[in-house]
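As written, the chains take the letters A, B, C and D, and residue 1 is the first residue of each chain.
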Amino acid sequence: MIDVLQSIIPTALFFSAPLIFTALGGVFSERSGVVNIGLEGLMVMGAFVGIVFNLTFADALGGWTPWISIIVATFVGAIFSIIHAVASVSFRADQVVSGVAINFLALGLGVYLTKQWYGKGQTEMVSQPFFSNDIPFLSDIPIIGPMFFKGVYTTSYIAILFAVIAWYILYKTPFGLRLRSVGEHPMAADTNGINVYKMRYIAVIISGALGGLGGSVFALTIASNFSHSTIVGQGFISLAAVIFGKWHPLGALGAALFFGLAQSLSVVSSSVPFLASVPDIFLLIAPYVLTILALAGFIGRADAPKANGVPYIKGTR
Amino acid sequence: MSSSHRLFSVLIPIISVLLGLIAGAVIMLLSGYNPITGYAALWRGAFGDAYTIGETIRRSTPYILSGLAVAFAFRANLFNIGAEGQVIVGWLAAVWVGISVEAPMVIHLPLAILAAALAGALWGFIPGLLKAKLGVHEVIVTIMMNYIALYSTNEIIRNVLTDHKTTTESIHESASMASEWLGSITFFSRLHYGILLALFIAIIIWFLIDRTTIGYELKAVGFNPHASKYAGMNVSKNIILAMVISGALGGLAGAMEGLGTYGNISVMSGFSNIGFDGIAVALLGANTPLGVVIAAFLFGTLKEGAGEMPTGAGIPTELVDVIIAIIIFFVASSYIIRWALLRFKGGKSK
Amino acid sequence: ACGGGADKEEETKDADKGEEETTTDFKVAMVTDIGGVDDKSFNQSAWEGLKAWGEEHGIEEKKGFDYAQSNDKADYMPNLTRLIRDEYNMIFAIGFELKEDLNKVAKQYPDTHFAIVDDVVEQDNVASINFKEHQGSFLVGVAAAMKTKTNKVGFVGGVDSPLISKFESGFIAGVKSVNPDIEVDVQYAESFGAADKGKVIASNMYNNDIDVIYHASGGTGNGVFNEAKDLKKNDPDRDIWVIGVDRDQHEEGQIGDHNVTLTSMVKRVDVAVHDLSNKAMNGEHHGGEVLEYGLEEDAINVATTNEDAMTQDIIDAVEDWKEKILSGDIEVPKTREETEKFLEAL
Amino acid sequence: MEYIIEMLNIRKEFPGIVANDNITLQLQKGEIHALLGENGAGKSTLMNVLFGLYQPEKGKIRIRGKEVKIPDPNVANDLGIGMVHQHFMLVEPFTVTQNIILGKEPKTITGRIDLKKAEKEIRELSDRYGLKVDPTAKIRDISVGMQQRVEILKTLYRGAEVLIFDEPTAVLTPQEINELMEIMRSLVKEGKSIILITHKLKEIMQVADKCTIIRRGKGIGTRNVADTNANELASLMVGREINFKVDKHPATPKETVLEIKDLYVRDKRKIDMIKGLELNLRAGEIVGIAGIDGNGQTELIEAITGLTKTHSGTILLNNKDITNKNPRKITESGVGHIPQDRHKFGLVLDYTIGENMVLQTYYKKPYSKAGILNLKEIYRYAKNMITQFDVRTPSIHTKARALSGGNQQKAIIGREVDRSPDLLIAAQPTRGLDVGAIEFIHQKLIEERDKGRAVLLVSFELEEIMDVSDRIAVMFDGRIVADLKPEETNEQELGLLMAGSSTKKAGEN
């Protein structure tokens, strides 16, 4: 059993990290009342920027390259998401539609530019991806050490840390209170002197930043290059994590980790004696079935932020 | 007021498409291509001759149905991201019946189509049931169902329909919608009778939504489940029904591929995207059947025409995705176009 | 392009005319599968072969040879047709995914010559180019068996299919031929583009003491390389290896001063494409035939770029077994059933 | 005495309508100033102008003699103006404290919200003005009355000197209304000034010092309340004489229509909300259920209409058992229902008014046949209904959302009444409506009675109960504790009964 845990937990951690970042972005956006189907596109943008920057500056920046790459990707993700913010906040667009446009745009633009700049549909592999490390001392603790602290990516811990920070921001600070109020009852927020549009812009931009971060972390820990198939569905899984986690940062963290665990369990199972006889197909679909069962079984009904998806128009009720 | 409303609902999509094409031209210019050559290639790729016209229509066919699937659910305030999975299982079911049943065409073809609809309906039923009875959000369940559909279908193709092969044998003639005649007038394109079915179903769905008590209930439940319950409607039943019909439409989109275009099904290493594109088609079409049909043709045209762009003008096909994105973006932002139009009109009259 | 909605007879005549002109300028083109022409795999390799052919005859790209890229399953048919109507004389369909579409097209255009890579299309105007990947896989299996210290090796497949089974079967046979006690763990990612899945699988395999992984999984393999390099980076003394596929994936394995790519099973689609283009130009069409390219034709290779890892004794062993295969001493299995029989016979 | 607020010659237009046309309102420090007008007269608009939500096209606003511009609510707050909105501006999942401090949160040095400090401050404020609230409770868990006190605290927390109340009593029970009146008086005592929008003349007479009347967007004038009376105010507001006493003949009750025996209903938490209730209702009579909100009225209605399952007991309609039948069955056996919350339960706001008219009957002939809607017939019927029930709407193709509350309510009543149900349940049918609309609705209820229907009227307003009912059933703690005739009782006695302090049977006097 411990053996199994020791092999699934580290994998779950790196598998989940990009999902955690992105899902947190989704939480911010949707908490402010802006539905974000565009998470997938934001991840694509992040992955694209992370890889291109890494390839371009690896020689100049050396070991710092991946870190600076994800910072740049975060930044570009934030800028890119302004499109969604303008559409859904200022232009009163249907937010789902605008999110779908983001997905098309990111993938189209990413691959188009890749072809334009590299003359082919996929980039080289980066020479400076993230590497995992053992955390000194902690990794020597018996049992726990190898599970959580050996061969882990710093980014995975940053992801978990971000979830806690996001929780703190959303639930403990004035900013968070305002952001959530805008997603529940924008008019109430407005009459309390909160600028609904500004809050929503900020929230969407945060989601862009985190989506970009998630995408670039995926690219630099897992894929190593960029092509049309680098991000395929991770954004949608993150969206599912937002809802599964009941629009709560720690819930989203839990949901993303759950998904990572289920995925890694499905791979590991083949080497676990009593599961080895289970036909592969069941292991393959296990993560998805488990997620549905978890929702149906004990998570149940989740209430979205009340004003989620509704454009706020000043002066109407 | 209402006549200007009608005018806007026609003008806005047209303006959006124009803006998308202009943006595409700008991108081409910026990357050193000639937009005229580019669009000429796109046009040739979609309408250059009988063959490409046939292929364009063929490509639009499943989009009509997957777009309807998403749109139908939307009308009941449900977001069916699972059209993709429904397309896949529909495709599988259609081919399965197409291969394993022997019957005259009048029985076989409808049976295969029905099987596709049923399989899709089942795939919609599960998220619908979970939503109605347990309040589980349909978005997550449909996303998960997509993956389950993909992997299970692959498994069935490999181990049930074939003996560890990647493609099934072809369906019997009696279950095929392919048409030699349609092929012959379009120079061997794969245009098939599915287009007639798709258009027919679009009309049925329009009728269902706007002219029947079922549609009346579905929309009411979508708008306001509380009031609907007060009015004696069965809210759970309607949610499930909406997802079932939506799923069936997705399944039918799969049948277009299984019985029309390909006549078989292959192991897929990724999604077909017919369902995902259906989301965009539905939204472009403002979730109305007529809108969906038009959007499906627009989508089909752009996607089919894109194929000619690299060979014809050296431009990467992805440019078309960018153009589509911009069109969707402007359609979504119709408010701002309306505003600009009003300003323009106001400015002129003053 | 052909003008408007002219009727079929006229168009066919047009095509006939094109056929007659072939002797003066022979045109060859290919349709990629979803991987695209720069997939660092067989599409790319095929295109390289075509380019080499063009260079050899001083033909200009887009005029005498070209490719059509498919982004989608739905693109195969229009791409094939487009090239036919652009009057290419010989058209390659790259990858088994194009089989069904080519089958239809070939029937419709009996006067054009086609070839399919990695599958068989039974039409008089289609040559089927198959590779004996099992042979190469057998040899990298030998290398893996020689290299493993833990007596555990792994195989990561993209999508479970007859084609990938050839890789799997050959590999297992090769490994077991050297040492029947070595365990081979086989996993499929069900995708050729899921790097995350590849990484999870690789992580799990290396974690279970597997030290050599052979992947035949396209982009999924990126995750495998990624995991191996990560482990190597953290522990440069640890002996872990990846065996690449289709091309020499040496470059993918480079990590600092180390390289985790033990070897690669190289499949020279370019050789086959080049060869067949030349033959076709000379009027030798091989329509309806299944052309098998293998060790003998130098279309299947084992890379030895990693000199540190591919020690002389491994190379020697590989050569030995290669001789045995060439001489017909052993018949490398291509399917799971054949593998079973092969292993029983060991 | 100087004016603290002066709104001079305010004009505010909306596309196609002048909502405020040259209105002047002057408020003195320490007074309660009522603003009176029909639905849609422009009261809310005027206040929204003052609160900075709308910008006026013309006119001046002076605060303490100084002319000001109020571009947004923040500025209004800074000028000491606070507003308690008609529809509460409260974030449901937040706590009382969070709602109050939202936008003006005290912080600790670490940037965290200083909840302790905030809660302390709120306790102090609420003690000072006698506004009992629980600072840690979530809004969704507290009563409407407490929600309103939270709204008041919100304005006080921001240092409001002038408080605007937009129809504050429409949602309150009589007890809560009395409490609110007390609160307003104590606010004024503390030096605050109040603008009160209400349709209830009684309340104006009770607490207000002055009253400004507007009609169709125009200012009619300002009166000292001491110098006027309810009749004058009403006719100023409507522009004609209003008949306050409801005209009706005595009832002639016939056979029993509704019979409820030993009914028990539990809520979601499995607590008995109805405990052995007995009730009879006969054709041709109106029975008014008097009671304080939360004593089981909602559960009773839901049990009769099939929206909640009963725990035990029977409900008979025309001697047929309808207990736990589904809502549609019950509707079809002859029950009409005007729900309490018209937006949530009465209408599909995104449907047109025409579509809403057949919400209960769309599946029947002639509106549909074999599942196919007969749009012509539906629209013909809807047109007919809106004329018959005086629903003011641009057309039957207008979305229900765009109609005013009174017109929405008339549409619902028309729809329910026209089905000729044997039993008509009307829950709070006149809430938030102006006297003209109320008059109309009361007439309709009585007409129905006279046609031989049984009418069950649930209302928190004693006046309405007293005026309209033929028989009053007082509900307390899930039971009917008294059954009396209106002419044999008074509000005093009813109030005591509703509070559970005594029981009484009809004819005991």
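Operating definition for what follows: a residue touches a chain if its C-beta (ideal position, glycine included) is under 8 Å from a C-beta of that chain, and two chains touch if they have at least 3 such contacts.
The shown structure was predicted, so the numbers you read here are calculated from the model rather than taken from an experiment.
Counting hops only between chains that touch, chain A reaches chain C in a minimum of 1. The leading chain pair by number of C-beta pairs in contact is A-B.
Chain centres here are C-alpha means, and the one lying farthest from chain D is C. Computed from the mean C-alpha positions, the centre of chain A lies at a distance of 46 Å from the centre of chain D.
For this pair, chain B with chain C, the centres built from the Cα atoms lie 34 Å apart.
Inter-chain spacing, taken between the CA centroids of chain C and chain D, is 75 Å. Rounded to whole angstrom units, the spacing between the C-alpha centres of chain A and chain B is 28.
Shown for chain B are the residues that touch two or more other chains, namely 151, 270. In chain D, no position touches at least two other chains. Counting partners per residue, chain A has 228-229, 232, 284 as the residues that reach two or more other chains. Working note: touching chain pairs come out as A-B, A-C, A-D, B-C, B-D. On the side of chain B, the complex with chain A involves touching residues 27, 31, 79, 81, 126, 130, 134-137, 139-141, 143-145, 147-148, 151-152, 155, 270-271, 279-280, 283, 316, 318-326, 328-329, 331-336.
Put simply, chain C touches chain A in their complex at residues 36-40, 69, 71, 185, 187-188, 190, 193-197, 199-201, 203-204, 207-208, 219, 222-223, 225-226, 229-231, 233-234, 251-252, 254. Chain A meets chain D in the complex at residues 168, 172-174, 177-178, 180-181, 184-185, 187-194, 306, 314-315, 317.
Of all residues in chain B, those touching chain D in their complex are 2, 211-214, 216-217, 219-220, 223-224, 226-234.
Of all residues in chain C, only 1-6, 8, 11, 34, 62, 66, 68-69, 71-75, 77-79, 81-82, 85-86, 96-97, 99-100, 104-105, 108-109, 158-163, 165, 190-193, 335-336 touch chain B in the complex they form.
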